[in-house]
Each structure stands twice: as C-alpha cells, then as structure tokens.
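Right after this note come the structures.
Both complexes below contain chain A, partnered by chain B and then by chain C.
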Partner chain A sequence: MDTVFGMDAIVFWIIATMAMVNVTGALLGTFLVLRRMSLLGDAISHAVLPGLALAFILTNTREPFPMLLGALVAGLLTVLLTHLIHRYANVPEDAAMGVVFTSLFALGVVMITRVASHVDLDPGCVLYGVLESAALDTRNIAGMEVPRVAVTLSAVFLATVVFVVLFWKELKIVSFDPQLATTLGINADRVHYLLMGLVAAFTVAAFEAVGSILVVAMLIAPAATAFLLTDRLHWMTLIAAATGILIAILGRNIAAVYDAPVAGMASVVAGGLFMLAVLFAPRYGIVARRLAQVRLGLRISGEDLLGLAYRWQESGARASLTASGALEAAGGGVVSRVALWLLRRAGLLVKSGDSVRLTASGEERASRLVHRHRLWEAYLAKHLPLPDDHLHSPADRMEHFMDSDLQRQVEEQVPEPHGPSGAPR
Partner chain B sequence: MSGPAPWLAVLALATLQAVLFALVGADRLLGWVQAACASAGLPYNTVMVLAGSGLLGICSAVIGSYAVLRRRSLFGDAVAHAALPGIALAYLIARERHFFSLLMGALISGVLGAMVITWLRQSTRTRQDAAIGLVLSVFFGLGIVLTSAVQRDPSGAHAGLEGFLLGKTAGLISQDLLLIAVTSANILLLVWLFQKEFLLLSFDPGFAAVQRWPVPALDILMMTLLVAATVIGLPAVGVVLMAAMLIIPGVAARFWTDRLAALLPLSGVIGLGSAIAGTYVSSIREGMPTGPVIVLAAAAVCLFSMFAAPRRGIAAGVLRRLRMQERVARQNLLRSLYELVEEAPDSAVTAEDVAGKRSWGVADALKLLRRAEARGEVRRTTDGRWTLTDLGLQRALDVVRAHRLWELYLVEQASIAADHVDRDADELEHILPPEMLHQLEDRLKQKGRWPEDRVPASVHPLEGVAGEGR
Partner chain C sequence: MTATQEKALAQGAVAVDAPPLEIHDMTVAYQRRPVLWDIDLQLPEGRLIAIIGPNGAGKSTLIKAALGLVPRASGRVEVYGRPIEKQLSLIGYVPQRESVDWDFPVSVLDVVMMGRYGRLGWFRRPGREDREAAMDCLRKVALQDFAGRQISQLSGGQQQRVFLARALAQEARLYFMDEPFAGVDAATEQAILAILQELRSHGRTVVVVHHSLQTVREYFDHVVLLNMRVVAHGPIEEVFTEENLRNTYGGRLPLLEQAADAVQRRSV
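And then the complex of A and B:
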C-alpha cells in the first residue's frame, strides 16, 4: 500500500476518518450538550436498525446508498416521534426518547431475524464499527484512493461546518435562551430541526465507519470537556474540535500498541481527557476549586490573626499576645498555623519567644482591616435595627470580602465609624 | 426516618436466604421445582423460563418506574452499558464463563458507573444528560477494549459473552433462571419494605433530607436495585432492550394514574404481561427472538395507553379541546345575537349580521345557527331571519353577564382602558367558574358599580351594532 503525507495510507485514513467524525461530532455536540440533549446520538444510533432492515428488505442488496437512506429516515423518525410524544402526550423528554429508540431497536431486531436472518449483519460491527476494514474499501477520486466512508463523512463534515458558520448567531441564541430567540423573530423550531437533521445524518454516516459507541462518545465527550474549560461559545466550539482531533490521534496510536479496537480505545481516551479536564480545568476543575478554597481559608485565617493582634495592642493589654492563644482564637488547626507562618514570612508579624507582635507594616494592614470591620458595624447599626452585640459577627465575615468600591460607598454613608466593638474580642 | 426496621429486615432476609441456600443448595431446590412440575403436569422448562422472565419483567418495571418519575429514564441504559467492562474483567479474572461471577462483575461496574454519573452531576458543572452519555460510552468503550482481550484468549472459552450484548433467553440454564428469579423477588421485597422512603425520595428529596432521612444511603440503595435488575436482565434481553424493560412499563402506567401506589402495581402488571406474552410468542413462532418481542409487547401497551388513557391520553385531550371549541363557538353565537338585538329584544337578525359581528364566514354562521336551532336556543322567523328563543335568551344572558362582569372588573380593578377590555374578556368569559362570577358581582356591588338589573350595559361601543356609539 502506498503512503499519504509520509504515513502508511491505511493509518492515515483511519486517523483522518476518525478526526472527521470527531470534529463533526464535537461541533454538533457543543449545541446538544448546551441544550441538554446529549443522548440524542445514543437514541438515533440504535434506532437506525429498522431503517437498515427495511432498506435491505425493499432493495434486497447491501448497497450503501439505500442503507444510508433507510437509516436516515429512521433517525429522523426517532427525533420526530420523541418530540411529538414529549409535546402531545406530556411525557418527559428523556422517557419519550427511551421509549422510542428502544422500541424501534426491538422492531429492527425482529425484522432482521424474521426476514433477513440469512444476511450477515454482525452486531459487533454495529457497536465497534469497522474502521480498520473500511479504510480498505476505497474509491478513486482525483487520482487518490479515498475510502468510501471518508467521502460520505466529508460531505457531512462540510455541511456541518457550513451550518454552524451560517447559523452561528441563531444557534447561540437558541442554545442559551430559546424564548428570547422567539421574541427576536428567530424561528427556533427551524434551527432545532436543522440541527437534529444534521445529527441524524452524522450519526448514520459515522456509525457505519466507527460504530455507534464512538458516535455517542464523540457527540458528548469533546463538548463536555470543552464546557469545563471555557465560558465562551466560540472557544467551546474550537476546544471541542481540537479535543476531537487529539482523541483521533491518541486513540488510534494507543489502540495500535495494545492491539485493541480503535473505536473502543478512542472512547476510553475521550473519557480520560474528560477526567483530566474535570480535575485540572483552570476554573471549574476540582483541583483549582480546592486550591481556591485553601487560599481563601488561609487569607481569612491570616486576617483574623492580624485583626486579633491589632485589637490586643489597641486595648493596651499589659500581657503580650501568646502565639498559642492567637492560633486558638483564629480557629486553630493547620490552616491558622500556616497562616501565621505566612504572616511572619511577609514581615507583618514577628514572634519573639512565645508572644506575637505586629510590625509597622503589619499594623498598617491590620488597621485597614479593622477599619473595614467597624465600617460595616456602623453601617449595620445605622440601617438595621440590630442590638449592638449582634453587630460583630456579620462584620467579622464581611471584613474579608469588602472591596475598595464597596468600602467607599459605605464610607459615604457612615463617615465616622466609632465601632461599638472597640474592645478586643 | 421510620427507624432501622427496614434495614434489619433486609439483614434478616439476606441471612435467611444464605442459610437456606447453604443447607439446601440450588440443585436440590431445582429438583423440588422439577418434581412439583412433574406432579402438576406442567412442562418444567417452560415454567422456569416463564417464572424467570415474568419476575424479571415485574421487577424491572417497578424499579424502572421510580427512574422514570425521577427523570432518570436513561440511567438504566447507561448502567446496562457500564456493566460490560465488569463482565469482561470478571471473565479475565475467573477465566471461565461462571454465571454468578460475571453478574457480580457487572453489578460492581454498573454501580460504579451509576455513582460516577451522580458524582459528575453533583460536583462538576457537567449536566445529567452529558454525565449519563459519558459514562455510557466511556465504560462501554472500555468494555469493548477488554472484550477484545478476552476474545484473543487462547483457551477460547469466551463463548457467551456476546450474549450479554443482545441477550438470549434460550441460552440460559435453569440455575441461571433460578438466580434471576431469586434476585428479582428480593428486589421486589426491598422495594416493598422501603416504599415509604422511596416515595419521599422520588417526590421531595429536599424534604426527606430536612427530616433527617439518610437520603444519600437511600439513593444508593435505589441505584443498586436498579443496577441489580439491569444486570440480571442483561443475559436475557441484552443491553439496549434492558433499558426498554425499565422505561416503557412505567411510562405506560403513568398515563393511567397520578398515584405512586397505583402506578407501581400497574407497571408491574404491564411488565409481567409483556414478559409472558413475549416468551409465549417466541416459543410458538420459530425464529422470534424473546427479548425484542417482550419489548414490542410493552411498546404496544404504551402506545395504546398514550392514545386511550382516560385523562392523560391523546384521544381524551383532543376530545376535550373539541368540546371546548364547541362551547366557545356556542357562547360566542349567543352573545353576538344578544348584543345585536339588545335594544329591541323581539327583533330578528340575518346570518350575515352575525357573521359580520364575529368575522365568521356566512356559511359557518349559518351552521352554528342551525345547531343552536336544534338545541332550541334560536328560531327562524317567517321572513328567514333569526331570533333568540326564551331559552336562548336565558343562556345568552348568562354569557353576556360573565363577559361584561369581567370587562367591568378589568376597567375597575386593573385600570385597563375601556376599548382594550373586550378582547381580554372574550378569552376569559368561557372559563370563568360560577364562584368567581359571584365574587366579581359582590365586589362590584360593594363599589356601587353593579346595576340592579341582571346585565349591565357594555363599557365600550358594540361593534357591528347599528346606531350605537358610531
């Protein structure tokens, strides 16, 4: 076999076909995931079975075109029936989908076993796809041997790209706010059915090549991964597409190492990439969120220590503040210990023997903090009928979160805060 | 919480069963069943298959109904797919097709999949549908990778793993069927023991949590029961159709009732009926696969319910809408006639007058007039014009009263301009209940806005009525 771009032609076409599937799936999946309809691919890829069987019964051949057409009709029927049952019989959408696709699948199995049992419709190929052998079934196009599935898929791919580019604005509004779309005069139903039609066409064209399981994975995993990484629709689309390509390359190469089915391995890779995003996404990742919590805890604990030291010195207490007493007052535990260490390292607090004392810069920082605390107390006292001994604890929380803007606004309302909590607490 | 009683009962039942099995053993138990069948003259194999598939049908329908109610219909689909890696792994460890260990593998990876879905939904920004789809496809992809390793196994004892994908009732031996029947019975028993807890969990988990019920534990229990039902169904009907056994009976039963206490038995009966029908049909017709026929039977029941159910069915809805349309048209006709002849109660109008007033076609107006004539509300005068009968006048007065009351109310209370109220009142007059009319009347009387005669004058000029306000 010859080579394409310096790669073995079969390897090239496996990766290229899968990349096309993944990118198309990622583009369509973005909108499905946003509109909470991710499972449509699962439903359609199962429900095409009676369409395939009917096409075979009518034409009595296994030619690809009638088969694809039958599958497409069955796929669109799934979408339509789900929608009708949901709307007119008042059944929740997921239940409607479940009823429709499983019933159609059962019908398909019965049709195949009754009428076409002599045809070799291997259930395995429906699930895993036949990517490896599909790369061998080629047509000659412009002097190059191109696999037939790649031709069909590139048509769907192009149609999807054109659709997303042309209807970008409509898709965006319909995905986030269908009511607004309707009031703006955008036909939400038309966009919906165009999207559904493309999903059906994609599912049918792709599942022949890569099997239903990868179709389901590709309609969800890249988009769900991108959803964790960004809040902007255009970035989400691009990240999803890039994830799709990455899955194709990694999936094929890892599968080659372990001699495993490419489609199955690709969905495992997709799951792995998604888990990476779940853990390490910059904003919504579990690690990032945990770190932000720790950082916030340290800041609050440190500010509590500063405030405590300030009030201690302000009260003119004879005995000096002990480190252990301060730690206990700041909540104790590892967090306040680390917070104390950080304050000492930043030169805000010094420890001599067992007593702790504010430095000059520490005192300045602490005075601003206590100022914020007393500002809030004065504000509450002025505007809410709270008894004086109820003012401290809300202010204690608020002092950590008052930004300069809010502080200025409060200062305008209470110019001279004489906090009721002058004494150290 | 209703105390630890249900949990203790579970423990006692499990111990009892374990002791029973240890003392008697599956083979001797099956022997007894065989002897009982022989003495009753029943075919042993058929009895076993019917018992297995029937119990499976009931238990998947019942536990699936909860999933449908909790908007988790496709949970079962995901779990069924997620069981595959467990099956393959169990095979790779045990190196033989040992039914029980394969099911245990399926159970473990199924529960794991269910927990991953819950975890993704609760602690990341992934929504439920995407979480379900991810678990479904990734676990199943892993299953395919592992299965391909199984198939390369040189001992070649992997036959039967494929059966878990598509299901094969005929491939089950009586020990397998016994296991299916016993597990189903246990699941049903647990659902019965925990019915109060599951009821609250399905409808108001927040309230359950506030009442200090162990909501996460109950959720995991319900999930485990769903996975267990799915797992024992896999070898019989396969991955996809198992989802159908869970969803369809619940959806079908939901059309007939709004009460969980009725929904569960009803869906159980539908599950049992379709399981038995499917098993029967596939046993008498050569080449009819059992699983799909069971599902198609359930789908037929669902389709029938969808159209024919008395209140929630489509036919009932269409009928309701037609009746409403009929009523609205009738009332509109009566009010138009009244308003046309308001000043002179004994005068008569033509069909063209009526049509002009309501922007109806003349033919439609004539049709409505003839129907009203049949009800005795209008009659034709000698010169071919129409006039209200006494009965018609009575009914028209009621309609006009409702319309004008609502108009007055809108003008008085909602400060809507008099020329805007006609259309609003036009929509509401047909559905105002009598109590509301009385309330309106009282309020307007208190403000001295309600004239002593039955119908107040219109607040706006009447369209199509000659000589009024023009």
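And then the complex of A and C:
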C-alpha cells in the first residue's frame, strides 16, 4: 500500500484535504464572524449553484476552473444583490440576503434539472461530500499520486493565505471601523468583495470534497471557538487555523472508529470543540466566569468578617465575638464558612474556643477596609441627600471595590471620614 | 509641521490661501428625503469650530457627507483648495464611540496604530516608528499604561480618549470629531479639551459636533448653527446670539419640512 510520511496514503490525503478546507474556512471565517456576517457563508454556499449550472451548460465539463469561475460570479452576485436590495428597496439586510440566496439556489436547482436531468444528485453527497472516494481519484504530480480535489483546494488555500497576509491591516481596519478606513483612503468595499470572492471560491472548491455541512461549519465554528480563547486578532486567526487542523485529525480518526462519514464527524467534532471553549475558555468560559464569581463572593464575605471583627473590637464590647454570630452576620452558608477558614489560614483571624479575634495583621487589613467604608459614607453624605441610616449599606458594597486610585480621589474630596456609625451591625 | 505635511505643501497639496474646509451647495438625502439643504460653508484655519443644533438637525450627517461616508446628492467639498477625496492624508476623523464593536479582538495600541494605516498605503505593515508614534499619542491622552489592554476593558471615557489618540496618530491638519465629549466624565472632558487646544496652538483646524450649549462659548472660537440648513456661522462673539439660537432650536422651518416631504413623495 502507498504511504505518505509513513501514513496510509488514503488516510493522509483525507486528513490533508480536510485540513486545507478547515484552515481556509477558519481564516475567512475569522473575518466573517468578527463582522457579524457568519451566515453569509451559508448563503453563498447555496447561491453558487446557478453559477455552477451555467458553467456546466456553457462548457459541458466539470473541470474545476470553469466551475470556480461560475461560482465566483454567482457568489459575488449574491453579495451585490443583497447590498442593492438592502440599500435601495429599504429591506433589512438579513431579509435581503435570505431572499437572494434562496432564489438563486432554487434557480440553480431548476437549471440543473432542466438541462442535466440525467445528473444524479445524491443527498448524501451534498451533505457530507465524497471525501473517501475523492481521495482515490488521483493525478500524478511530480511523481506523487495527488487527489484531484486536493489540487483545486490547495490553490484556494494558498490564495487565501496570501490574501490574509498581504491585506492583514486592511482586513483588520475594515472589519473594525470601515468608516475610518474610508477616510484613510482604504476602500472598504473592495476588501469586502475580495473576501466574498474568496468565500465563494472556497465554497465550491470544498463542496465536492466535504459537502455543505462542513463548508458552512468551517466558516463559523473554528473562528467562533478562537474568538472565545483570545482577544488579539492575530492569535484568533492562528488559533482558528489550528482548531481547523485539529478538527480534521480528530474527525477522520473518530469517523474511522465508528465507520461514519468523515466530513459529518468533523462537523460534530467542530461543534464539540466549540462547546468545550464555551465551557472552559480561560476568560470568557462559563466555568471561568463562575469561578471568578465564587472568588469574588469569598473575598467579599471574608472582608465582611474582618470588618465585623474590627468594629466589634473598636466598640469595646465586653463579650467576645462568637464564630457562629460572625458567620451569621456575614451572610451564613458555605461561602462564609470557607471565607472564615481562609482568613484563619492566612493568619488574619484566630479562633479560640468559640470566639474569634483579629490578629495584628488582620487588624491592619480590617482598618484599611473600614477606612474605605467610612470614606464612602462621608462622600455620599456630602454629595447625596441621603438620611444617615441609608449610608451604611451602599458603603458596605463599595468598600470591596474601591481601588487605591479611587480612594485617593475620594480622600481629596472628603478629608474627614465618618466615625464609627453606631454599634456593630 | 511634520515631514508629511511639509511634503504635502511642497507637492502643492495645500494651496496657500485656500481655507481648510470649503463646502459648496451640499445637499444630502436619506432615502431620497433631504436632511441637509444647500450647505455653504467656509471654515477658517487654526480654530476650534463647533457644529451645534437640535437632535435630527443633521450635525453628524454634515461631517459624514463632507468626508464622503454618506453620499452627497449635490455639491462639492474642498480641503485646502482641492477635492476632499484627494486630500485624505490631511484629514483626521473621530467617529462616534458607538460606531464600532468594542468586543473586537484588538488592543488599545492596535487601535491607535490604525491612525497610521493611511500613510502606509496598501500592503505595508506598520513599523517601529509607527509603534512609537502611536505610543506618544497614547501618552498625550494619559493611556500609556493601557496600551496592551483589550479595548472592551476600558471605561467609556477611556474609549473616547483612545479614539482621540488614534486621530492624533493621523497627524492631520483638519480634524472632524463626532461628539467627542458625549458620555465622558468632567475630568476626561477637560483632558480632551486640553488636547483640542494644543491642536489649535499648532495651527490645526478642528470641527466638532457638539451637544452642550453651556460650554460652546468657553470651548470654541467659531460656531456653525445647524438645523437642516446653516442658520448662521462665524466667530462665537458675532454669531452665538440669542436670536440665532432661537432660530436654530425653535423648530424647523415648516416650509423645509414640506419641501422634503414633497421631494420624497415624488421621487419614489
């Protein structure tokens, strides 16, 4: 059996072909997702059909070049018609796009059935493509058997990479602020149509190999996944591309285990990776945000305990503060308990018997906290017409969030913080 | 004067006597309904110029149409004696803050660097000088410590200052700013004003869409009173009068509304 890089040649070409599809889709998709035009890929991938039909009618072949050209024309026509209808018929852009692409798709179907009724359209091929058999349809290039689809795809892949590298700063500014781009003399429309032309070419080149699901999925999923993982454009592009390669490898290997269509499995993997990012992305993931909330809750609860102990000692109460009383006053529940445990571990609070007491370092921390609280009370008293007994609770919230910069500004405005506001609560 | 501007002057891009901005008979329509009528303006160099008027008066539209961001139905716009499209290198623009997506994955410095893209031309990447120039501009708005932050992590006032820094990085001679004081706190407002005054002291012309009548007299030298048409324009002391303000804010000219209706009806 033929091998490439020590791998079964067919397996290699399946993965390589799909990786090219995925990386191309990821690069183009990055800019579609950022410009909130994710579904344009879906629209174009349907709307290219009449272009393909026309190219077939005119040339009577299924050679890649006329097909790509036909698709390009139809793809750009979709974008142009959507734009014109939106602009001149005063129809919302998404509705204009929906009308244009469904009409063009239907037109394509009619053209194909009229002219080429003998052509067999297998729904399975449309959805999943024919990657497995396409890998067998090879040509000899420089002594190596290369699948035909891989040749076409590598051309689109290279064109996309060159486009993104050459027009990097134009793509960046046109996606972020098209108005500024225009005033700088960078033609936003030209960049837009170049991008759309590549999306159309990509759609056609990839369609035969991997089918419509993966084409649309790859224009959205890797970019959307990368969006959650970083907040720099160049990293987003690279992570999206890497995600695309990962999807190709995982998709083919999992499909082999379950004997499932490779492209279909790859789309499932893409969705799975996106869900993982939704859950576990370091900053924007659900888990990370939940953890940050828990950490904040612990900090606030701990600071409440410190403040409470400080005010208790300051008031000169004879009875000592009981742990259970403190926990109850700090909101009770698991969070307060954990916060108390953390304070004791950090050596800010000691517990002897049932009573709790601040250590020296705990007292220092607490005094700064209470200072912030009283500063804010004084500030509110000065600037808001609030009765005195309404000052405590807003200050109680603010004491946890006042950073040194804000504190300095408040101190400039209120030289004298409020004294202890009555008995400890 | 920067090297670019000296070059521009040497190439004749800046006619010696021509005003920084001259708008001839400009009419702008949305959906064929005219929103600005026959705007004729000549603005002087080295001044801070406010465009004021009620909501819907067409203040933002005026600068967008001048810049070519919305199509002009008629009229022409010249910058230093030549069509504005040929003078883009002399122009800086601060759009409204809400006009962009602040979740976009770029850093503060990235955004300021975009102000340098115009002079780079196609394909060229910003280099170290551009980076240093952008950092200088960030320093002027006191955001140098935020250079590496993602832009959504800034407050509204800080975002407005980033846009201002980006405009400074354009090193323009004529600036258009769309509500730079909108939604910023008092300290930021003073910081922005100080930068505008510094631009003026370097002979730059700054056209500002402004929404607060209280500060017009204090902040600006020159004013354009707008309500679908130019009610008056000129130096503050001459034009910023109670009568002119009443004419600007006291409702639209009823005839102008009717005329706009007629134009819209007939051209469907």
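The rule is short, and it goes like this: the second predicted complex is superposed on the first by the 399 of 425 C-alpha atoms of A that agree within 3 Å, B and C clash if a C-alpha of one lies under 4 Å from a C-alpha of the other, contacts with A are read in each partner's own complex, and residues count from 1 in each chain.
In this section, a residue touches a chain if its C-beta (ideal position, glycine included) is under 8 Å from a C-beta of that chain, and two chains touch if they have at least 3 such contacts.
Because the structure is predicted, anything quoted here is derived from the model rather than measured.
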| item | value |
| --- | --- |
| Overlay on chain A: chain C relative to chain B, clash or fit | clash |
| Contacts of A:N90 with chain B and chain C, given as first, second, both or neither | both |
| Chain B versus chain C as contact partner of A:L184, first or second or both or neither | second |
| Contacts of A:L39 with chain B and chain C, given as first, second, both or neither | first |
| First (chain B), second (chain C), both or neither touched by A:G271 | first |
| Touched partner set for A:Y310, first chain B, second chain C, both or neither | neither |
| First (chain B), second (chain C), both or neither touched by A:K169 | second |
| Chain B versus chain C as contact partner of A:M236, first or second or both or neither | second |
| First (chain B), second (chain C), both or neither touched by A:F227 | both |
| Overlap of the chain B and chain C footprints on chain A, listed as residue numbers | 36, 90, 227 |
| Chain A contact footprint on chain C (complex, rising order) | 31, 64, 67-69, 88-89, 91, 93, 95, 99-101, 104-107, 110-111, 114, 117-118, 120, 122-123, 125-126, 150, 152, 166, 170 |
| Sites on chain A touched by chain B in the complex | 33, 36-39, 41-42, 46, 85, 88-92, 94-99, 102-103, 105-107, 109-110, 113-114, 117, 123-124, 127-128, 213-214, 216-217, 219-221, 223-224, 227-228, 258-261, 263-268, 270-271, 274, 278, 284, 286 |
| Interfacial residue positions of chain B with respect to chain A in the complex | 68, 71-74, 77, 120, 123-130, 132-134, 136-145, 148-149, 152, 162, 165-166, 240-241, 243-244, 247-248, 250-251, 254-255, 287-289, 291-293, 295-296, 299, 302, 306, 312-314, 317 |
| Residues of chain A touching chain C in the complex | 34, 36, 90, 166-170, 172-173, 175-177, 179-186, 227, 230-233, 235-236 |
